Every structure is written in C-alpha cells, then in structure tokens.
Amino acid sequence: MAKIVAGIGSSHVPSFGPAYDGRKFEDPDWKPLFDGYVPVREWLRDTVRPDVAIVVYNDHGSDFSLDRVPTFAIGVRDIYEQADEGFGTRPLPPVKGDADLSWHIAKAVIYDEFDLTVCQEMKVDHGMMAPLPLLFSHDPDWAVRVVPIVVNVIQHPLPTARRCFRLGQAIGRAVASYPEDLKVVVVGTGGMSHQLHGERFGHLSEAFDRRWLDLIARDPEELCRMTHEEIMAAAGAESVELIMWLVMRGALAGGAVERKHLNYYAPMTTGMGLISLAAA
Amino acid sequence: MAKIVAGIGSSHVPSFGPAYDGRKFEDPDWKPLFDGYVPVREWLRDTVRPDVAIVVYNDHGSDFSLDRVPTFAIGVRDIYEQADEGFGTRPLPPVKGDADLSWHIAKAVIYDEFDLTVCQEMKVDHGMMAPLPLLFSHDPDWAVRVVPIVVNVIQHPLPTARRCFRLGQAIGRAVASYPEDLKVVVVGTGGMSHQLHGERFGHLSEAFDRRWLDLIARDPEELCRMTHEEIMAAAGAESVELIMWLVMRGALAGGAVERKHLNYYAPMTTGMGLISLAAA
Amino acid sequence: MDEKKDGPQDGLSDWGIPGTYIFDHTRSRVGFELNKLAYSLTDPQNREAFKKDEEAYMARYGLTEAQKDAIRRRDWLALTKHHGGNIYYIYKLGAATGSGLYHMGAQMRGETYEQFLETRGAKGAR
Amino acid sequence: MDEKKDGPQDGLSDWGIPGTYIFDHTRSRVGFELNKLAYSLTDPQNREAFKKDEEAYMARYGLTEAQKDAIRRRDWLALTKHHGGNIYYIYKLGAATGSGLYHMGAQMRGETYEQFLETRGAKGAR
C-alpha cells in the first residue's frame, strides 16, 4: 500500500531559479536560504526515500490563462515540461510524472466530492520548479516522480483554507488506498508573506510567518479558521497562497507529525520559509 | 431577493435542432415531442415568468477538449455564442448571460466548498441549445438570461449523483442570497436512456426512464444513491448524464415541489423526457 | 484486424456492461491524440483541410498506425472500443466523412442502416 | 490621468487593505483582454512580435484606450489598480519591456529602484 511518509512546506520564490542555476550557494545574501534546504534534502534522500512527491502549487499565469480558472486541478501525465514564464526555461530535466497514481487520486478524490479539473496537458512553472531542485536531486534525472496538484490562489474567489485542508485529507485517503508499495511525500508550496502589487508592494511580516510555521505543525485547525482577508491584510495580498500548505498538512492529518526542520529568511520581498514534518 | 421558482428536467437530443429549425412541429414522428413542450413553454411564459434560467448541461466535445476536464464549471459571461459541433451553428440569437449573478453564484458556491472552474470564455453546444428554444421564446431575443453550469459526464471519473444534488443545494443557497429581485428557473438537461457507442448502440429503457421521472419529483434521495454503473447498465452508457437533473432537483430541495407537467417519447435512440416542477 | 488488442491485454478497462466501452482514464489516455484530432474538426477550416487531404491531416497528430487505419476504414466500433475514441469526439469525424450518427451506430451494431432503422419506434424522428 | 476612474465609481472592489487591489471578479472582468495579451507573451515568437511593434500587437486585443496608454507609459500601478491587470500576468509585460519585478515594484511604491532596495534586508538576494 502507498503511504504518506512526510510533508514539506516551502516557499516557491521565482528568484530561487537564477540563484540555484547560477550556483550562488555561498553568496552571503543567498547562503541562509540554500543552507536551510541542505539537511531537508539529505533527510529526504537518506531517511525518507520517497518514490513520489505530490506537489501542491499554483500556476502564475504561465500555463493557465484566465479563460477558465479551475479551483483545484490535477496533472495526470507521465512527464511535465516547464512552462515559459516570459524568459525561456531553466536547465533542468523534464519532471517525471506518475500517471497511474495521478488517475487513482483523481478518481478517489472526485468520488469523495472534490471537484477536480483533470489535466492531460499541463506545463509547470516556478510554483513547482523553484523548490523542486532544492529538495530532490535531478542529475541526471529526478529522484522522485511527481503528482501535481494546482490550486487557484490568483483569481478570487479562492478555495477556503479549510477546503484546502480537506482536499489534503481526501488525498491522504486516496494514497492510502493505492495498492502499490510507494512512499509518498507531500510538498505544499507558496508564500510566505509577500505582496507584489500596489503601493504596498514589498510588504513582509515575519511575525505572521513565524506564527504560521508554528501552527502548521502544531495546530492547523487554527489556520483553517483564517479568512483570505485576514491572511492578506497581515501578510500581503500574494501571501494567501500559503493556503496550499494546508493541503499538505491535511494529507498528513491522519496521524501525529513531528517537525524535523525549520528555516526562515526574508532578504527581499518574500518570507522564505521551509518546514519538514515526518508522519508518525 | 432572488428566488428559485421552478425546475425543469429535459433531454437535450441534438436532433431537436434540425427538427425545430425545420419547423417539424406537425410531423407525426416529431409531434409527440414538440406537443409536450407547448404547455411547459406557456406555463413558463405566463405563470412562472422567470428572469433567469440556470441551465445545467454538459459539453459534448464541442467547446471543451480533453486536455483539461473540469468536474463542474460555470460561465460568467454576459453573452454566449454557439459552439460549432462540426456542422456550423443554428439560426438562433446568442444566449444572453448574467455575469453578475454568475459571479455571485461562483463565489458563494466556491466558499461553500464546491470546486468550480470559472469560465470567462465559453461557447454552448446542443446540451443547452437543444432544449432552450423549446422552453423559452427567442424572437427577436431570448426571454431569459442564462447562467450555464457545465458538468463532466463524458470522461470518468464523473461527479457522483449525490455530489450533483449537493451542488444544486449550494446553488439554491447562493441564489437565495442574491440581493436583486429575480425569479430563477433551474433547467437540468440530458438523458434519458441512450447509448451511442459499441454494439449496444441504441439501447433504451422506458422502464428506467419512467422510474426516474417519478423519483426525480417524489424521492430524489433514491436517485442520489444510484451509482454511475447502475444507471449505465440499466439505461445505456450515455444516459449517465441524467445526474445533471439532480443539480436542478437539489436547487429546489429547500421546499416542497409540485409536478406540473410530464412528457415522454422515445422514437429513435434516446428517451426524450420532460418534467416541470414548481417550488412550493 | 485488431483482435490482438482485444480483451484485457489491451490495457483498457471492462466495466462489465456488454457491448459498452466506458470512456474512463484507460481510454482517454490511449485516445488523447485521436480525440484531439476529432475535436479540431469543430473548426470549419480544419474540416476543409481534413477533407482535402486526410493523410496529411492525420500526420499532424500523434496517432498510432492502428488508429489511422481505423479512421481510413471508418471503423467506428474499433475507434471507440480499441482506440480510446470518445463517441462525442468521434462523431465529428463521422460528420466530416459523411457518416451521420445513425449510420455510425448501425455499423457498430453490425447492421445495415436500414436494418437498424427497422428496430426503431418512429424512424422519422431523426 | 486615470483620476476619473479612481475610487468606487470605477466599479472595482475595495477589500479595505491600503495600497492593495485584490484580483477578484471585478478586476478579472475589466482586465480580461489585458491579461490575455500579457499571457500571450509566454510564447517567444509573441514576445518578438510585441517588441517589434507594440502598437500592432496591442491592436490584436480588445484593450481600452486607457489600458493601451498605461502600457505605453509602463504604468504598472495603473495597470493593476485601475485596469484589471493581475500582477502575475503583467509581470510578463514587464519582462518583455525590460522591467524586472523590483523595478515594477519600486515604481508602484512611488520610489526609485535604489530607494526601494534600501528598504530591503539583503538586497543581493534578488
């Protein structure tokens, strides 16, 4: 049987891309970010050893346009190319999918009353690609297969925080019913505090971010009660993508969790958070 | 306040189109179909007098392709053109939408934990256009504005019958919270028994259809318990689109209903059913 | 001619309803390019291009040789049973090649058009 | 120059967060063609076409004159505040016109790029 063994919460800031590709690991302004990922990557590689990562992210107008905006979507491909976000793509191999597991999750979750949009065509943007190489090796090929879950955090109305948590719970049930022996890690991406438009561009709230990093492990129920307005007022309009971490947390919610790693750094316009949780 | 005043269940057979446009109202093989719609159309026009019709239908590979299949979608436009289904379009004016009401419903229903895909671009096919002119006058312009709700009944996994009913209930709550004084009718389309592929092409079941026409008014709960397999085995693979009638029935479920009209005719390959329900 | 792909070994699901090939993920995966081609025929210019040169048109899509062959043979049963064709998409291929739905259905039933019509209650309602 | 469209009379929502223009249906409706144009710049050929002749490129989309004018002026604040631009889409317009996100942000804040950088903790991490 497949089993969810760990959860990761991670920011997905676009600037991770050029910094990583340019190997700025020792650059003093980047080192606090990259150093945070090292023990998590090693823990995943040596201890958790997942076969599959379910990556919860949002598209940023790269592959999904506004003609049709799904609240929740799932990719069901065996391979995902990178989307061109306006600058070309990064020197990384295409992401490996797991179409069988994706379709299994789609079926289980739709029958469980979550109204997914099922995508046989899909490209992935920095929402997934910013953190992925920081968490998993990719040389010559990715160490995990990926099931992408796409959440609308762009065009309001967004799904509620609680709905995201419940989607995670449904994904947890779906994985538990998959007959193959697979170890699965769930990665919730996005945030933390940031605002990228308006006169309030650049707004940060380390206090909010620290509270989120505490509650996501210890008391996700309190996060589920937050409205989009509360999150956006406290931590910037674009910080609302943090609700995607609740999909990850919901997927782990069947058992106790143990927080393994924590990192936080906010050098420019985004609170860059990282957390790892082991399923008990 | 807006109020749901009536519900209609209607087949949406493509051949309604050429028969209607060719004015075959007195053709003996078509008369039993068209005669059934006359009292319903008059009742809607003279007694119900709706401002808006929420039309629940499915696209048949006309405007939605298989690259991304939403379980539930809503149109939020002020105008909907016809899709070209391979033959050009019919001589009917474009459908008038109600973008304000559509967005209100989208917001209410998404916050109510239904994961809609929100469509600012969308064309409508015979799923809507087959019954629409039989129910509402359109000369020179449509007598109602339309909110389209699109359900995936094509690519399994489909939403369950119960989920469709619950979506209807959520739409009912959403309409009841709309501040404008509007009378709303909900039209559930599709079915009845038919199968359009395989050696079993042409399968019909009047018994199943009659039972559905009875239960949709009297005991929708029993229909909610049906699986897709049961419906398809009894009434043909493509009959499963009948689950869309349950969205209509759910939207009416707040109060008692009274069945006003009933018609049934199965001349070729599809059970052509029509029912009208008045909200109490 | 598709006997080899028949039955469970073709990877397509069997929902246990005779003569019925439910369009689930097994068929949607296999038929993705085929249905995409059929969907493209909702555009009148594409219909013209297809009618003008079917082979060139098919070459634009990643169809299998067996799928192309079933299109050439207008084998609607094989397309929906073995090749992942969804009837609503394949219907557009029928239209572009001059086969109406009832002609397609008669063939899928293994009947002539006239034989099929005789099984209907009021065959003028078509 | 968009003062007339300012405030509640422009039909755009106000969620009550200062300096913040939530991308909800009021903005998505107004900005639909604008964001569509910006989205099209994910295609390298379209980027070339846009750079070569902005006016001709804009003419392909149903933009308002005020939207076109805000693009001409690279007025990122007006685009997101008044014209329904979503920042993730508009960012592609920035890229195609040589404005990075932090340049766009500085302008939206009413600062120079250098002034903005001085407000950051580790400005090398960009």
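Order of writing sets the chain letters: A, B, C and D. Residues in each chain are counted from 1.
By our rule, a residue touches a chain if its C-beta (ideal position, glycine included) is under 8 Å from a C-beta of that chain, and two chains touch if they have at least 3 such contacts.
Just so we're clear, the structure is a prediction, and the values are computed from it rather than from any experiment.
Across the two interfaces under comparison, B-C and A-C, the one joined by more C-beta contacts turns out to be B-C. Distance from the chain A centre to the chain D centre is 26 Å, each centre being the mean of its Cα atoms.
Put simply, the C-alpha centre of chain B and that of chain D have 40 angstrom between them. Of all residues in chain C, those touching 2 or more other chains are 25, 28, 32, listed in ascending order.
Along chain B, residues 66-67, 106-107, 120, 155-157 each make contact with two or more other chains. The touch graph of these protein chains has some other shape, matching none of line, ring, star or complete. Every pair of chains in contact is given here: A-B, A-C, A-D, B-C, B-D. Chain B meets chain C in the complex at residues 14-15, 19, 27-30, 32-33, 60-63, 65-67, 83-88, 154-157, 195-202, 229, 232-233, 237-238, 266-269. Across the complex, chain D meets chain A through its residues 15-25, 28, 32, 35-36, 38-39, 41-44, 47, 76-77, 80-81, 86-92, 95-96, 101-102, 104-106, 108-110, 116, 119-126. The part of chain A that touches chain B in the complex is made up of residues 66-73, 106-107, 110-111, 113-122, 155-160, 162-163, 166. By the touch criterion given at the top, residues 76, 99, 103, 106-107, 120 of chain B touch chain D in their complex. Of all residues in chain D, only 25, 28-29, 32 touch chain B in the complex they form.
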